[in-house]
Amino acid sequence: MFEGVPLSWFLVLSTIMFFVGVYGFLVRKNLITMLMSIELILNSVCINFVAFNKILYPDHMEGMFFTIFIIAVAAAEASVAIAIIINIYRRIVNIDVEKMNEMKY
Amino acid sequence: MNILLLLIIIPILTIIGILFARDNKHVRVISAVGMTFQLIVSAIIILWYLAERNAGNTAEILFASNYVWYETLNIHFYIGVDGVSVAMIGLTSIVIFAGIFASWEVNDLPKEFFTSLILLSGGVFGFFISLDLFTMFLFYEIAVIPMYLLIGIWGSGPRQYSAMKLTLMLMGGSALILVGLLGLYFNSNPAGGPLTFDILEIAKVQIPLNSQLFFFPFLFVGFGVLGALFPFHTWSPDGHASAPTAVSMLHAGVLMKLGGYGCYRVAVFLLPDAAHEMAWIFIILTAIGVIYGALGAIWQKDLKYINAYSSVSHCALVLFAILMFNETAMNGAIMQMISHGIMTALFFALIGMIYGRTHTRYVNEMSGLMKVMPFLAVAYVIGGLASLGLPGFSGFVAEMTIFVGAFMHPDTFHRVATIIAASSIVATAVYILRVVGMMLYGKITNPEYEQITDAKWYERLSTATLIFGITAIGIAPLWLSNMITAGLGPVIQKLLLSVN
Amino acid sequence: MFDFSYTIWIVLIPFFAFLLIGFLGHKFKPVVSGIVGSAGLFTSWILSIFTAYKYFFDVGKIDGVYQQIIGYHTLWLRFSDTLYIDMGVFIDPISVMMLIVVTTVSLMAHIYSTGYMKGEKGFMRFYASLSLFTFAMLGLVVATNIFQMYIFWELVGVSSYLLIGFYYERPSAVAASKKAFIVTRFADLGFLIGILLLSYYTGTFDFLTLTSPTGPAIGTPPTATFIGMSVMTWAMILIFMGGAGKSAMFPLHIWLPDAMEGPTPVSALIHAATMVVAGVYLVARMFPIYVTVPIALQVVAWVGAFSSLFAAVIACTQHDIKRVLAYSTMSQIGYMMCALGVSGMGGHEGLGYMASMFHLFTHAFFKALLFLCAGAIIHAVHSNYMYDMGGLRKFLPITHITFLIACLAIAGIPPFAGFYSKDEILVAAYHHDTALFAIEYIVAGLTAFYMFRLYFGIFWGKKQDYHHTPHDPPLSMTLPLIFLAFGAMFAGFVPFSALVTSDRLAFDIHTEWIIAIPSIVIAIVGIGVAYMMYLKPTQIPAKIARSMSGFYTASYNKFYIDQLYLFITKKIIFNNISRPIAWFDRHIVDGSMNGISYVTNQASDKIKGFQSGQLQQYAMVFVSGVIALALVFIYLWT
Amino acid sequence: MLMLIMRHELLLVLITVILLVVEIFLPADRKQKIILPAIILFGAVMILGFIPGPTGSLFGGMYITTPLTVMMKNILTIGVFIVFLQSVDWLKKAENREKISEYYILLISTLIGMEYMLSSGDFLMFYIGLELATIPLAALAAFDRFKEKSAEAGVKLIFTSALSSGILLYGLSMIYGTVGTLYFDEVVNGINGAPLQILAFIFFFAGMAFKISIVPFHLWTADVYEGSPINVTSYLSVISKGAAVMVFTILLYTVFSKIAIMWRDVIYITAILTMTIGNLFAMRQQNLKRFLAFSSIAQAGFIFLGVVGQSQLGMTTVIYFVLVYIFSNLGAFGVIAVISNRTGKERIDDYDGLYRTNPKLSLTMMLALFSLAGIPPLAGFFGKFFLFAAAAQQGLYILVLIAVLNTIISLYYYLLVVKAMFLNRSDQPIAYFKSDGYSRLGLVICVAGLVIIGIYSPVYEFINQFTFGIY
Amino acid sequence: MTSNQIMFLLFSAVIVIFSILTVTSRRILRAATYLLFVLVSTAGLYFLLRYNYLAAIQLIVYAGGIVVLIIFSILLTSHISEKLPTASLLKKWPALLVALVGAALCVTVILQHNFPGSVGNTELVSVTDIGNSLINYGKYGYALPFEVISVLLLAAMIGAIVLAKKRKD
């Protein structure tokens, strides 16, 4: 409970966000929108960490720092992903994930 | 240094020698020299062994050397021989010796051929002298895998299919063995001390019955696959049919014996209670195998198939005898292994030589060969007679020992099974004589066969060695029988204990 | 005690001759092989005669009983502490008698063959096989234990195989040799099982122990039974099966006529005088045990009697002279078997035993003689068939005379050898079972008939146009004929009842004229009928054949037993067992192994859709996997 | 001298910096001069790594080295060194010349990530190490910029890894939420098997299973392996996977030891799935890289048998097997790389009759494949045997049985390659060529490793002495 | 209902709604904008939890950095007017099912879990403390991750450059 807001609210919120992200990842065809879904997922995790840290274990700032590092990693990940996306766009002028199936079986 | 190590070192040195050989001739000569040494060393081992025994050395294992290998897992490189393994060593060296000469005319990639062949034989030697289950298993696989290349590259007919089938089935067998071995290992010290792969140590342990019952089928069937246990024998006809001569020789002659030896040395010896409990299943299977192989051979046309089915029958007899759990039958089993080993090697050698001349292996396409190649034909007849258990040849000694031994079993079931198995001798006579009659006798129908020449010197050497082996055992079996009996002691004792 | 250990050389000399000829024969001229073989056998023969003399007349008898002596023995193979195989020489009346028979006939065959086989391609091979056979046969007769006997039993089988198939380019010879081996092999299976049974219950192979009145077989016989009969009965019947196979008793006789494909000396030696009587010898050897199991003995008697009748009937209709002789052999061996079957133990009870051995002895001479004569005839006319012959008495005088002697001997005309032995058999049968006696009595008449049918058909009757004038064979062939003719004439005077008896005690016999005279009469009747029918070409045989056409055809076709066998082997075993097994192995056993790989391959193919290349599908599987695992492990797992 | 505890990582960082600086000052046309120094430098680091040094914990327990982790790092370093040797041929190609040092930097930085992951003392460090070991790899997978497949591989790798790290993080957050700390030594006390923790563990497991390519989290593997430049593939399949396996095993044995009874079953199930599915797919592959991808999936399944052993034997064996696996797989990939670089041929049937033109390469390939299949006396046999022993020690004989039956399938497809090289004949076999010295050196090391590691038991004993008490 | 609760509900409503919109919108630029809203709302949540510094980072790095990056790349790779194609139903329904089942599972498990009693520390974390922690190398110090992440960022940068740079010729 944090100032009247129960922990579970945060957790439920983040879970919903997480699975919305997962859903987006599973259905969005455009690579960049998939990347956005990833950001949703990471963001939901961040909320978890922060909420846990603040509400349950406020003595140390582990959750918060974890979040900070997640954000940093997310940035790195996004940059590489976008580099790859741009690269692939240059190759085939398309970033539809369903077209990425040259290798299979 | 332990003389047994030579059995492994000589093949390695020979292989190294082959790698430096310059041409075909060198390769052949080096192989021949190496395997001659091997034969000599084996003979020395046998004589030395007998001398030691005569001198009153009653140790269970002679020439034992025990080197720690994997200390934490208590894996040892533990070698040594008793009467049984000495006999098997003798068999192997004779067969590989003959095999080298039988493959004198391999011209396609000879280096690789002889390397694989000798590697295979090295694996077999290692298997027979191992007293540690781990090394035993290791050598077992070393012996099996070169078979793939040997059949695949130098084979004939559907060689790729056969090679693959054979390798996979045998490896399937070894997979089962592996499970069994691990089971033995982790049950090898119920008191909680260090675990061991040492056969002799495990033999001293009373493994709980339910564990035994669980692992026995793995070990018996696992080794049984190589021993052509019905219905896991089907690699054998195809494999033999496709394999080049020397490989068939080694395979049927020696490699299949690994199965019987493993059943004897590992499955039955180390899990005697389970063996007693479950023997009846395998007795039924092996008795079927004996008859089935013999009857199956009658209809075949391809010489190699005939011999392969014949091997199924004979090898099933080995397993059958092992399952009788008495000294005489086991003695017979070992002798049958040796006898069949040499005999079938002789057959395959001859088939190879005949095929090399007639370019067919179908008996109905050949006739009257006795006239143009009397040496080979007579050798074939001798092999055939040995195979059908004629006195004076090793097959008789072995089979009779098995039958007498098996018939000593007090259970009616076992004795009825023995009678059934014994009736195979008639079927054996039928298919052997059928082949002899069709192929060797009669008039030459194909004019090309008039030009056939008789055996070359190396072929003569190869066959003569094997025939000598068969007849030597057949005429004077007592020393061999005594030697083997002496080695059987511990196994029999263990089995007797487990009955009570 | 006299040392009989030298007797092992009687056996071994032919073996060394075999090795010598087999390995080195091709280095020398063919004739060397013949000489080596014959010389070796001559030595054996001399040694045998010496042994017989020593045994019967010098040292063998102690307190009126002929001793059973182990002349030599060595351990060959040990199965267990009690079961082991010795190789040795067992000397007792019947083995010594057999040594004489075997070496004599074999020597004759050896000498005869130097002429008969001259110029044959496989001359060395022939002699090597012949030596091998002699070795095996001698080893068989001197066997100290049943397993040694079995070993040599098999060896004679194989040498017989090799010799029947001597003309290996002739398909019929090959088939005949194969048939002979397989049929006897089948019988040997019975023998082997019998041995196994016997040894299991008695714990020994040794003849001495087995036949000892206090031994485990007789003194304390096992009480176990199997399907209503005691195991001993079973064992003895099975052992008799082996004997029946080797001795061509019905229904295992089919190989014998075909075996005539072999060279004639071989037929004389193996398929008339020696090997085929091995069965009789076997039963005689085990006789003390047979006496204790009446059912088995009964079987022996009836099989013997039936075979003798059966063969005699067939012999009347055959044209191939060697086949006639072959059936005649079968018939005579039936006689011997029957005699054993009706015998008891000791003194006059054991008359049948003595008679059987006696007949074996005399039969060896006259039957070998008949075959060798037949060889001489075939040599001369190059045909086996009666209808190619006729009027040969002028061309082949020696052959003619010796053949006649042999015919008279076999027909049982006194004072030729056959009369005495056959008479004793009839007496023994008469005292035992009238039915058997009746059969044997008829057979005696039939024997006289078919033998003289042969005799008249060959030497009298219509003269044929021969391509070149037939003539008597060379000395090397006639010498044995003459020698054997003497045997056929005088062998009957050997006092068998004093030498070879069931309990090895001498007993007195006297000719029972009440049986002897009718038997002579029926023999003369038989000869007379043959005389009428075959002295000159007449229509009578054809008429008779027509009047009993069904029976005649059946008899001519050997009662279709061959066809029956062929049906069983070809149709049933080959086509209905072996072939289905081969199919089963290919398609079911092997198919299931291939099936495993097929299923694996199919599985591999079926699941390939998972690897669709679609990233989102991968993710889908990924997430579902996580959730599934979580569900399982949170809710299902305990 | 406290920093010596972190010597592996620091040395690697040092090399990275050196390479970066050199790269900046090196003229564009002489970029390939950097290859030899880079390899020598790295070789030096590898050797320095073997020098015994202090171990302990730094940064308040966030970074811990033990002799065990030191050894693991050394093992990885050997593998990377071999990869370096094998990459030379490829790097010297015209299209890669300008990004040689980038290649090295990226590769080394992933290695740094792995080493931190191995030495991590809390989940944060672990996570960062994991990401450091993954993200540059995605860049490497897409390194062949002008190949569509390479880009596709990059996409698949980065997106799957992002998803998996998201899932892993979710799990981590739940662990944090239930335990209240991220330091391993404290987490272990808080693990009690509550459903939420099981959920968290499964999520965490999925993230790791992605790295190890465990079914059903493996689907990216084949595509990425096929598309990536071949040396990156070998790196992915060997080093990346090996590191993940080792660190995961340590985590399971230490942090999650309280719920061992649960994760053993997870491993049990996934091991069976992984072996079977991997093998079934490998059977039908024609492209060698893809083939080895599935083979490596199957191998991961086998490794799990060691993990499930949960004993010193299990730990030792897993490390030992990773070592063996490095040599085996790099041997196979080395040959494929050499041939692919020379001829561009990567299909199995391209290898028909290879033995008759290039016997040495074929033999190397055969030995490597046989080692993978577990044929004695090659190291793979020992590795597999011990893995099975580890599982058997727990009484999981059925699992062992399934595994050994799977080795039969695996033998089947390894033999297919052997068949192509040795048995088949071809009208147009790959012509004879002499491979470059670096590759040859790499292959020789691999073969030597394959032959020696098994027979020479001290290797195993050496590993074993460090694994005491880890479970 | 406290103001905090109301604020929370407000933010979470925004988050949920715009998350869903992010993954369903057919116009890619709008999706990016919705994502921005989500991220900003998340920052709001952080503010709510008194993590002002974190919220700032969230705004700067996420909203300011990543989203901008995303928008740039959208502009590079897509036409603004273009509508995204919708996924096939075959893809949507299973995905929806998985997401719903997963969410249900997680929510159930979370709600069932008995978390330790909340401490509810409402204090603001001072930037000084954060700074100290970042350079602290003891326990609960983050010097090492801070350094290592720099390696990661460097590597990511190099990787991105290598991939994205144009060929020289």
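Each chain carries a letter (A, B, C, D and E) given by its place in the written order, and its residues are counted from 1.
Definition applied: a contact is a pair of C-beta atoms (placed from the backbone, for glycine too) under 8 Å apart; a residue touches a chain by one contact, two chains touch by 3 or more.
If you're wondering where the values come from, they're calculated on a predicted model, not measured in any experiment.
According to the touch definition, list the chains common to the neighbour sets of chain C and chain D.
Joint contacts, listed by label: A, B, E.
Going by the contact rule set out at the top, which chains touch both chain B and chain C?
D
Counting C-beta pairs in contact, which chain pair has more, A-E or A-C?
A-E
Looking at mean CA positions, which chain is nearest the middle of everything shown?
Of all chains shown, the one whose C-alpha centroid lies nearest the global centroid is B.
Find the geometric centre of each of chain D and chain E from their Cα atoms only, then give the gap between the two centres in Å, rounded to an integer.
31
Counting in whole Å, what is the centre-to-centre distance of chain B and chain D, each centre being its mean C-alpha position?
42
Between chain B and chain E, tell me the centre distance in angstrom, where each centre is the average of that chain's C-alpha atoms.
70
I'd like to verify one number: the distance from the centre of chain C to the centre of chain E, where each centre is the average of its C-alpha atoms, in whole angstrom.
Computed from C-alpha means, the inter-chain centre distance equals 102 Å.
Residues touching two or more other chains, restricted to chain E: which are they?
Those would be 91, 94-95, 98, 102, 105-106, 109-110, 115-116, 140, 142, 145, 149, 152, 155-156, 159-161, 163.
Quick check on chain D: which residues sit in contact with 2+ other chains?
Within chain D, the residues that touch at least two other chains are 124, 128, 131, 135-136, 138-139, 142, 145, 154-156, 159, 163, 167, 174, 177, 180, 195, 199, 222-223, 284, 412.
Return the residues of chain A touching two or more other chains; collapse runs of consecutive numbers into ranges.
Chain A, residues with two or more chain partners: 11, 18, 21-22, 25-27, 34-35, 56-57, 60, 62, 65, 69, 73, 76-77, 80, 83-85, 87, 97, 100, 102-105.
Run through the chains and report each pair that touches.
Result for touching pairs of chains: A-C, A-D, A-E, B-C, B-D, C-D, C-E, D-E.
Hey, which residues of chain E end up touching chain A in the complex?
The touching residues are 1-2, 4-5, 8, 12, 15-16, 19-20, 22-24, 28, 31-32, 35, 38-39, 42, 45-46, 48-51, 54, 57-58, 61-62, 65-66, 69-70, 73-74, 76-78, 84-85, 87, 91-92, 94-96, 98-100, 102-103, 106-107, 110-111, 115-116, 118-123, 125, 129-130, 133, 140, 142, 145, 149, 152-153, 155-157, 159-161, 163-164.
Over in the complex, which chain C residues touch chain D? Could you list them?
So the residues of chain C touching chain D come out as 597, 600-601, 603-605, 607-608, 610-611, 613, 615, 617-619, 621-626, 629-630, 633-634, 637.
Quick check on the complex: what are the chain D residues that touch chain E?
Of all residues in chain D, those touching chain E are 13, 16, 28, 58-63, 98-99, 102, 105-106, 109-110, 112-113, 116, 124-125, 128-129, 131-132, 135-136, 138-140, 142-143, 145, 154, 174, 177-178, 180, 183, 194-196, 199.
Under the stated contact criterion, what part of chain A meets chain E in this complex?
Residue list for chain A touching chain E: 1-5, 7-13, 15-24, 26-30, 32-33, 35-37, 39-40, 43, 46-47, 50-51, 54-62, 64-65, 67-69, 71-80, 82-87, 89, 95-96.
Can you name the residues of chain C that touch chain E in the complex?
Within the complex, chain C contacts chain E at residues 616, 620, 623-624, 626-627, 630-631, 634.
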